[in-house]
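Just dropping this structure here.
In order of appearance the chains are A, B, C and D, and numbering begins at 1 in each one.
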Amino acid sequence: MAAPSFDPGFTQQYTGPLLRAINKDGSFNVRRRGLTGFAGGVYMHLVNLSWPRFWGLVFLGYLLVNVLFAALYTMLGSAALRTAERDMGLTLFGKAFFFSVHTLTTVGYGDIYPLGITANVVAATEALLGLMGFAIATGLLFARFSRPNARLIFSDRMVVAPYGDGHSLQFRLANRRANVLTDVAADMMLMTVERDPTGQFRRNFTELKLERKKIFFLALTWTVVHPIDESSPLAGKAAADLERLQAEVLILIRGYDDSFTQVVNTRYSYRWEEIEWQARFAPAFEVSPEGHLVLDLSRVGAILRL
Amino acid sequence: MAAPSFDPGFTQQYTGPLLRAINKDGSFNVRRRGLTGFAGGVYMHLVNLSWPRFWGLVFLGYLLVNVLFAALYTMLGSAALRTAERDMGLTLFGKAFFFSVHTLTTVGYGDIYPLGITANVVAATEALLGLMGFAIATGLLFARFSRPNARLIFSDRMVVAPYGDGHSLQFRLANRRANVLTDVAADMMLMTVERDPTGQFRRNFTELKLERKKIFFLALTWTVVHPIDESSPLAGKAAADLERLQAEVLILIRGYDDSFTQVVNTRYSYRWEEIEWQARFAPAFEVSPEGHLVLDLSRVGAILRL
Amino acid sequence: MAAPSFDPGFTQQYTGPLLRAINKDGSFNVRRRGLTGFAGGVYMHLVNLSWPRFWGLVFLGYLLVNVLFAALYTMLGSAALRTAERDMGLTLFGKAFFFSVHTLTTVGYGDIYPLGITANVVAATEALLGLMGFAIATGLLFARFSRPNARLIFSDRMVVAPYGDGHSLQFRLANRRANVLTDVAADMMLMTVERDPTGQFRRNFTELKLERKKIFFLALTWTVVHPIDESSPLAGKAAADLERLQAEVLILIRGYDDSFTQVVNTRYSYRWEEIEWQARFAPAFEVSPEGHLVLDLSRVGAILRL
Amino acid sequence: MAAPSFDPGFTQQYTGPLLRAINKDGSFNVRRRGLTGFAGGVYMHLVNLSWPRFWGLVFLGYLLVNVLFAALYTMLGSAALRTAERDMGLTLFGKAFFFSVHTLTTVGYGDIYPLGITANVVAATEALLGLMGFAIATGLLFARFSRPNARLIFSDRMVVAPYGDGHSLQFRLANRRANVLTDVAADMMLMTVERDPTGQFRRNFTELKLERKKIFFLALTWTVVHPIDESSPLAGKAAADLERLQAEVLILIRGYDDSFTQVVNTRYSYRWEEIEWQARFAPAFEVSPEGHLVLDLSRVGAILRL
């Protein structure tokens, strides 16, 4: 039996019902187990965290390390830390904690300072740890900031719109940010699910040919169009057919982001219930009195039913 | 009706007069409203700010944070901050402000230090904030510096110059910096505006074929040439025709910058009134007595009228 | 004599037995001597070190620099460093060492401070050195973290599996991390060793054509397939033939890592003894009750013998 | 007159004698004047400086800023800086200088501290300046380290070697570093100089076709071969012809550096006097007793005269 002519990297045979293949945030609906690694995963996890969680984690880490070193200094006894005056308004642990803060952050006021070799060794270690820890935090912050997050906006739904003498399947996208995207290319695939004679489900993938695969600039909106001609796997199919096939249209967009001088890559998908039959997209921009084009991002998914 | 054969990503139908599509700094003349995001926009904004504004912002932020924490320390009363001597020549707010400076920058002389748990907690928080804030500033500085800003210089005007038996549309560019650009490629498009039967304006885009789309090195100048042959949309057109069509020539240049080891991408455009008919470019370089080629960047747009 | 039609960059003629060409970690089995450089090599070495070794090196460097400066301060005599109180519980070298720590890390408690111009000059130099040293460490940490280390998992063995009417040579790979890999492409080469009439060994390289060179996403596993048809250099060969030829299959995988927004590149190889004849890969994933695909990374190399 | 069929980006017409087009370090032999910019140029200059110069500049900058601030503190008089004890063994300028060091580096021992609002304001400004300055230095250090400097080694000379029934023009290259280069591609051009009827010199560029433009890995050496067949511009030319034409062979190498996960790009050239007629390259590697290939980088240019 010959090999399948197209494989987008997903499995093609399985049992049981399945959720969508590509989530709305562009991630794949795949879980991992077994030999999953650690280091790279931690970095990625910290880079992908939401900002509140990231800052929470930084704060918690700061607290934890200081509590840990405070416990160490406290164990060394009250002789290990000398203070500028007798009454600092702090308990022994309090003195130890804030001395740890002074050391970890390298602020080192000197109102509390270590006495004896043990306390000094612990402080020297903590200062190194602090510098390296904040180096990591600096790197993470920079990585988080400098990732091209020029999230594209996709229309909520695809439409099946009149096109020439027939129809076409379309979706629309725009760039949410003001950064310039050039050489933007699109790929569209149809994933369908069929039950084979042995009763197992089977995923089929077919590329959907596009009227235009690439544009030079994404300045306003781009309507990506798959003409439903005789060669299209959608030819002669109605909404009910797509539902029965559990059709999902997988989309891959690539472009060059001039602000980040990097190639960016976005995935998206529409399932059969997100296709509007007999509709077309309404304009999403207008011209201001001074002659500027004004793109209304809230209207990227605006549809006119026919 | 068939789809248009070429779409550079701009809209194709609108009402009213319009400004140029691509500004002289390479940005698109498009405004956004609706779902515009924040975080990514802030980063980009800070990276794209002019240097005086960037430094002004850093200084203002520094001042603001210190005033804020000074107010906090002042609220804690004069007992919260102990000074090395009775008279520091400062008011309570002054002491609080400079203690905040010592903490935020982690300079921590210790001539002023916090007393009691509340002041210490605020100071510990400020030290963390300072380190993270300067981490962000470091990242931004690096991002600003390391962006390939090898701005190309374009000739002020295009020329319609004799070419073989006919004519060609030309512009010239050079690299302002000494960094090496290789694999430099050009794309040229003609955008015209026409009024359709319903009275709406409509933008048309046509690719202008180039005599040479790519050069290996951009060492001196590069004259990009569109031969006006029968297949050219400019065939038989005169200056008045281009004015009537509100013609704008859109240009996209891509190249590899060896100093930044990154692909760079520049956009430019010429409108009909920036085309010089019957002219050609004058040489922009000379040979020094020692045999060096000397490129005169001020002559990239030098034209000889014919 | 005509030039060989395919050269993957390895030598083609040598004497004596040879180890495998590509190690299991993707590095080439080549040693260098002669003009090897330093600076770039040190950076790469530090970036490629294992984490325990890296941290060990950071700690050792910290210790060494502090010992060095402590020796300098000690040489300046006990008058060069003044302490907050007479008995710090430290020897002169101890005071010098921890003063060096305070200076290198810029923690600067001030319980020990330099007296006189010489000690101050040394301390000023050390503070600069400390800042630059930690700048280097920060950069290295960031470089280590931000390298796309999305190591692919390869099946332990290749299989010769039934394929259509004949057979094919296959291996399987998966992405260990959850980061999204797109536009993943594979190249496969057969390297064989033959003895020429003069008794010298000679390496031959032949490209092995793939059923599919590229997939859009690497979401689950990808089975890369070389059909053994008449045009294949493996046509009619048995296990014994490959052993005699010391066959090694060289593999190059390229893909775009969306988390690191970078192209990544992995090399791998299988030798003749790592090929399983008459087998096929077993499924490496299952569907969870909620409909999620679950990829079991420990089963990427799972084989069914036929 | 028709346009030239090949233009690598150099000028094509000039007067007077010229030095080589591409220097041995890969830079172009072009000088700039006129509108040269500043900011981007400074960054590039600092990134490209040799290490001794870079460190010298850092040290000088450190000295200069401290002298400047020391002068400011000195101008504020002896009351502006308070010291821990009467005799610090320093003059007023000495105290001011080392206080500046403590502030700029944020080491802040506190043995010298500012008194009064003016001194405090200057110190607060210096601390900010110090943090931003070291942020810039950190960024520059990282940029210097993380630039792919995998300098290739080229053979000193090209050879015209026997090839099939005729000859070929060859050069050889190897990777000095142990980093893996993949997808390495070469372009070769012949530049000749001719005097036109008006007495002006004119540069001509012709691409030299390569037997193989691209290799998958650069593990050992790569001999890049231009077969001198009838279609070659070198067909029938002897050494004297190339001298008369002032021939220079321009070379552009591109590859993907796996350690830096970046595309790297190297330029090189050979002039007519660097071509060895009737020679071939000698092997540059051997096999160690354990079966390792050992590449001898000092033999990349090793030639056997025939």
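Note that contacts are C-beta pairs under 8 Å (C-beta built on N, C-alpha and C of every residue); 3 or more make two chains touch, one makes a residue touch a chain.
Computed from a predicted structure; not experimentally measured.
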Common touching chains of chain D and chain A: B, C
Labels of chains that are neighbours to chain C and to chain D: A, B
Chain pair with more C-beta contacts, B-C versus A-C: A-C
Chain B on chain D, rotation in degrees - Cα superposition, rounded to nearest 5: 90
Label of the chain whose CA centroid is most distant from the centroid of chain A: D
Shared interface numbering between chain B and chain A [over half = same, under half = different]: different
Computed distance of Cα centres, chain C from chain A, in Å: 26
Rounded Å distance between chain B and chain C, as computed from the means of their C-alpha atoms: 36
Junction residues of chain C, two or more chains touched: 102, 106-110, 138, 142
List of chain A residues in touch with chain D within their complex: 106, 108-110
Chain A-facing residues of chain C, complex: 51, 58-59, 62, 66, 84-85, 88-90, 94, 98, 101-102, 105-111, 134, 137-138, 141-142, 145-146, 149-151, 153, 163-164, 176-180, 182-184, 211-212, 215-222, 225, 227, 256, 258-259, 261, 283, 285-288, 290-299
List of chain B residues in touch with chain A within their complex: 1-3, 7-11, 13-19, 21, 26-37, 39-41, 43-44, 47-48, 82, 102-103, 106-110, 113-117, 120, 123-124, 127-128, 130-132, 135-136, 138-140, 142-143, 147-148, 187, 189, 250, 252, 254, 260, 262-265, 267
